[in-house]
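Chain lettering (A, B, C, D, E and F) follows the sequence in which the chains are written, and residue indices restart at 1 in each chain.
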Amino acid sequence: MFYKATKVTIIAERLLQSGILKILEAGGAKGYTIVDGSGQGEHINRKGDRASVVRAFSIVRIEFIQTDDASARAIAEEVSQTYFKQYSGIVYVSPVEVIRTERF
Amino acid sequence: MDLLANFAASFATQLQSPTLAFLIGGMLLAASGSRLTIPDAIYRFIVFVLLMRIGLHGGMEIKEADLTALAFPALLSAVTGCVCVMMGWLVLARLPGIKFDDAIATSGLFGAVSASTLAAAIIILEEEMIAFEAWAPALYPFMDIPALVLAIVLASLHAQKAQTENGVRPKIGAIIVDSLRGSALSALLLGLAIGLLTNPGRIYTEFYDPMFRGLLSILLLIMGMEAYSRLAELRGVAHWFAVYALFAPIVHGLIGFGLGYLAHITVGFSPGGVIVLAIIAASNSDISGPPTLRAAIPNANPSSYIGASTSIGTPIAIAVCIPLFIALADLVFGL
Amino acid sequence: MFYKATKVTIIAERLLQSGILKILEAGGAKGYTIVDGSGQGEHINRKGDRASVVRAFSIVRIEFIQTDDASARAIAEEVSQTYFKQYSGIVYVSPVEVIRTERF
Amino acid sequence: MFYKATKVTIIAERLLQSGILKILEAGGAKGYTIVDGSGQGEHINRKGDRASVVRAFSIVRIEFIQTDDASARAIAEEVSQTYFKQYSGIVYVSPVEVIRTERF
Amino acid sequence: MDLLANFAASFATQLQSPTLAFLIGGMLLAASGSRLTIPDAIYRFIVFVLLMRIGLHGGMEIKEADLTALAFPALLSAVTGCVCVMMGWLVLARLPGIKFDDAIATSGLFGAVSASTLAAAIIILEEEMIAFEAWAPALYPFMDIPALVLAIVLASLHAQKAQTENGVRPKIGAIIVDSLRGSALSALLLGLAIGLLTNPGRIYTEFYDPMFRGLLSILLLIMGMEAYSRLAELRGVAHWFAVYALFAPIVHGLIGFGLGYLAHITVGFSPGGVIVLAIIAASNSDISGPPTLRAAIPNANPSSYIGASTSIGTPIAIAVCIPLFIALADLVFGL
Amino acid sequence: MDLLANFAASFATQLQSPTLAFLIGGMLLAASGSRLTIPDAIYRFIVFVLLMRIGLHGGMEIKEADLTALAFPALLSAVTGCVCVMMGWLVLARLPGIKFDDAIATSGLFGAVSASTLAAAIIILEEEMIAFEAWAPALYPFMDIPALVLAIVLASLHAQKAQTENGVRPKIGAIIVDSLRGSALSALLLGLAIGLLTNPGRIYTEFYDPMFRGLLSILLLIMGMEAYSRLAELRGVAHWFAVYALFAPIVHGLIGFGLGYLAHITVGFSPGGVIVLAIIAASNSDISGPPTLRAAIPNANPSSYIGASTSIGTPIAIAVCIPLFIALADLVFGL
């Protein structure tokens, strides 16, 4: 059986990671997954795994799933409000279906 | 004239030593589009080993040192760091087309200290057999932290003036703690503590010391590649940043040299120590500084300060300032 | 031309990777992509790229796309049944559109 | 407020990365995020982070979001046309919602 | 009293040696929130080099050794590993609020062996010039594998009793093979084989041996950082795990020491060898053990066994048990 | 017969040296399903250090060398590389069931040069105290680049013949530049330049040289693990690739040896130099070649050429060809 849920993906500078995770936990996310990356946006260019003197600016991609769509979106909004006026990063939301609802 | 001749001689010697060659080699490789890259994990390992080596050595020597001798140079280091930042604030921030936050973050970075430049200076002084107090590299944090703190405080005062709501009073204690937590200072302080409190013996002589030169050569290669790659970023920002990056290391180094000379005549700081002080003044933070500034002055554009320091500031500090201040010391102290 | 397809994303402990890939291959997935990550869920905490004595517990994010929705969901269910009662991990399904159907 | 947007995900051999990014930039993508990975498809097998003499063949996962669906799809088609007849790789498109439209 | 005095002296000596300092330094760095981290790739490289060095050295010496001398200590190692696991089964698993699977996995880990503790013990014995059979570190797998196998078998018997369907008969052969495939044992055995069958010569003397101390210092720093970071996890599980982790290394070490003493009087196992046996008994698996147990006893909560071993067990084994068993040997054998 | 006896003796010696043992050990570990892996970051670091060491050494010696002596062997290297590719084109591409592009890419790889095989040959020659011109390893690019260029040109001519639209005229300059940009050649050339233009001194003697043997042992372990893991891929392609991979190294080595002999009698190329030339001819590109070919001949199936070279070609080059050509040189030159 598959149940509707909402996935929120946050792409941000590594130095924001711990602050973002606090918002997730406060907002009731039961879990999250983090992947390292690099990227390009409005702000500085970030290269991949080559040595970089500015590693702290590299990108993390944090995603979490919640069955409660409103709560997921509220967390997304809060992360965006808190950080992405000043720092680099984007947030987006997408629909998914999960198997075990008790986990999300 | 003598200085120029001395500088030319010292510069020529350095061209013979591979240290500078690796820096230039890195730039050429990046410029030629080479696919050679040094993995990030290796870069971080190298920085750790170099700073541990500097720290261990410093710690072992401090044991025997008269610590009061350190106090005055440490104070002068802090003064140097602050004066450098103030100069950036007074000059760079007032230039046309320069955003205040960008200027102040850049000044902070150039007031702070670079581990790779310091390591290169140590190797070259050892090669030229110019003695210096082994604790001289321990002046690093005394210049680095005040410079970063001052830049952040100035940025925050400016924000307060501009709009009351956003200008939060900066917590100086928190900034200092955050600086100390950076990977470069953590490694340096760990090395100092272990060198001071234990007897590193064979760990130092069989590992950290023999690795020093070789790993530094790789670090300089990386710095060279970075310098070239970030030129593109620098091109996107005001030209004044490039001009500043060209001259600030020399001016800052002269300030460091002058204050070091003061310590020489008052507390007998050695000529080699004066060179070290001048070079850490000339250097600009490349490891710990950028993330600290990024977190604390988010409105500053990283491309301006990182471009300026990595692409121009560090090559100038290593390739120009090291031979320059050795030559100057030669002239002043008749080494 | 874009064609509807189903993407299944599996987030699991690294030590399950080879077992999960066997299920994918048996179920008819023509390809998959794996990304390393870290994360937090009900079970132990996983840190990113810093040295960890328990690297085998770090997370892999496996995704595959199939045009046959039923088959994709069947594989998702089987992975969940086989592993995620005992081991750490989640599975979710999301709709995508692909270009060359012969590849999926 | 959430706004509809289109996310394009490209999974390709690392050696295609710079060429693909050029297409993205030419097509008007304002940003992109890159994650390293490994995978299996029709072509050669790619392992994870263990030393590999053929690192250049490992996989990158590039994703970008645009609010203009047609433009995003056009870029996706062009990447597919340019590279994926000869080289390894897939492209897929999925619907997302973003917060700050001026960024995409 | 003598033991305490000896221990204090041996502990004080160790505080002078940097080995312990790196472990403590790692804890302090993590506690202070330092951003210094050693990349995972470096960690795995270090473990590989250390185990290759131990293996190569052992292999080179085994060539000349009387292999029958190895047989009895090897048997005793297996006995030690099993007795330690049995004790955990009898004691820890019966404590209030402790899940059986968690207890048995923790006992397995503490019955097994740690590569980093073994490496630290070797360095310290070499520094204090206490001789031991070069093949003594090769006792590692003879204790490690039986302990893990026994723990997995006990967990599986328990599952069989609880509910017939889920309790699968564990395949002992498969568990042994899986243990041998772990990265730590693979490296150790590869080193042993190459040391035994070829003449490593300059590879050993110019690379693996000189790297040993330096890389171990970094490994201990990592172990210290891990120890602190995982304390949080340990807090989430029953306190009995912390208590167990505090005492098990000492008790296990005493069992190893006792059986080693038996080997001393029967087959002339050296005092240094007895110390090595005691310390590998005191150590707990930190590299290969956790994934093997995780795969085989999935219902056990990793936070309990990894928290207990990494945060408390390993620091106790290195900081307390190494000086303790050197002091004990001093007393017993009058080194 | 003498050759066989010589080969057997040389092979037996090598079995005693750990170099070969690490290669075989890697295969056995992979075959036994060991979880031991060397991280990719370490692999890239090792390759960098080995090539820098070879380059630095070569560069330091070229300073004193008569460069005209290099010209003729360099030309012969280019001829060797091209002849090897032509042979693949004439033989492999005509075998039943073999796609043209796969054959030509494989020939290109086997005509090109392997850094790890070269490093292993250097160590073994140094161990057996067979002297060779220090610039001999610098023949590497003179064989590597022509082989890759020729293969790409042949593939492209073939595509032009098949269908006018898709067959683009290959830009030879661009291919050469692309080869030089590969990480292996970049590192080698950087080392050569720094060795030639500066005085590497202690960086070489304290870091790059002492690290050489140890890191090579780890590289060979990796090559062995790769060889086994890619066997599966090779199984999926035509058997002729395996047959080719088995014999091509030996045949190519003989061609290199023959032309090297020509240089010996004409310009006095040393016997050791002849062996180096034979072995780089026998080797097949494992670092830079595959991506260059992949980009330039996209229709070729990487599994065929990488499988053939990594799984069979490289082990044959290291384990068979190195002792073989030492034995042959012994016979011919009476070393």
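Rule of thumb we're sticking to: a contact is a pair of C-beta atoms (placed from the backbone, for glycine too) under 8 Å apart; a residue touches a chain by one contact, two chains touch by 3 or more.
What you are looking at is a predicted structure, and each value in this text was computed from that prediction instead of being measured.
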| item | value |
| --- | --- |
| Most distant chain from chain A by Cα centroid | F |
| Greatest separation from chain D - chain, by CA centre | E |
| Gap in Å, rounded to a whole number, between the CA centres of chain F and chain B | 42 |
| Where chain B and chain D are represented by their mean Cα positions, the distance between them in whole Å | 39 |
| Distance between chain centroids, defined by C-alpha means - chain C, chain D (Å) | 19 |
| Touching two or more other chains - residue numbers and ranges from chain B | 35, 37-42, 44, 210-211, 291 |
| Chain C, residues touching no fewer than two other chains | 35-36, 49, 56, 94-95 |
| Full enumeration of touching chain pairs | A-B, A-C, A-D, B-E, B-F, C-D, C-E, D-F, E-F |
| Residue ranges of chain E in contact with chain C within the complex | 37-40, 42-44, 222-223, 225-226, 229, 232-233, 286-287, 290-291, 294-295, 298-299, 301-303, 306, 310 |
| For the chain A and chain D complex, residues of the former touching the latter | 9, 11, 35-42, 48-49, 59, 61, 73, 76-77, 80, 84, 90-95 |
| Contact footprint of chain F on chain B as seen in their complex | 15-18, 21-22, 25, 29, 32-42, 210-211, 213-215, 217-218, 221 |
| Interface residues, chain C side, partner chain E - complex | 13, 15, 43-45, 47, 49-57, 86-87 |
| Residues of chain F defined as touching chain B within the complex | 39-42, 44-45, 48, 180-183, 186-187, 190, 193-194, 197-203, 206-208, 210-211, 291 |
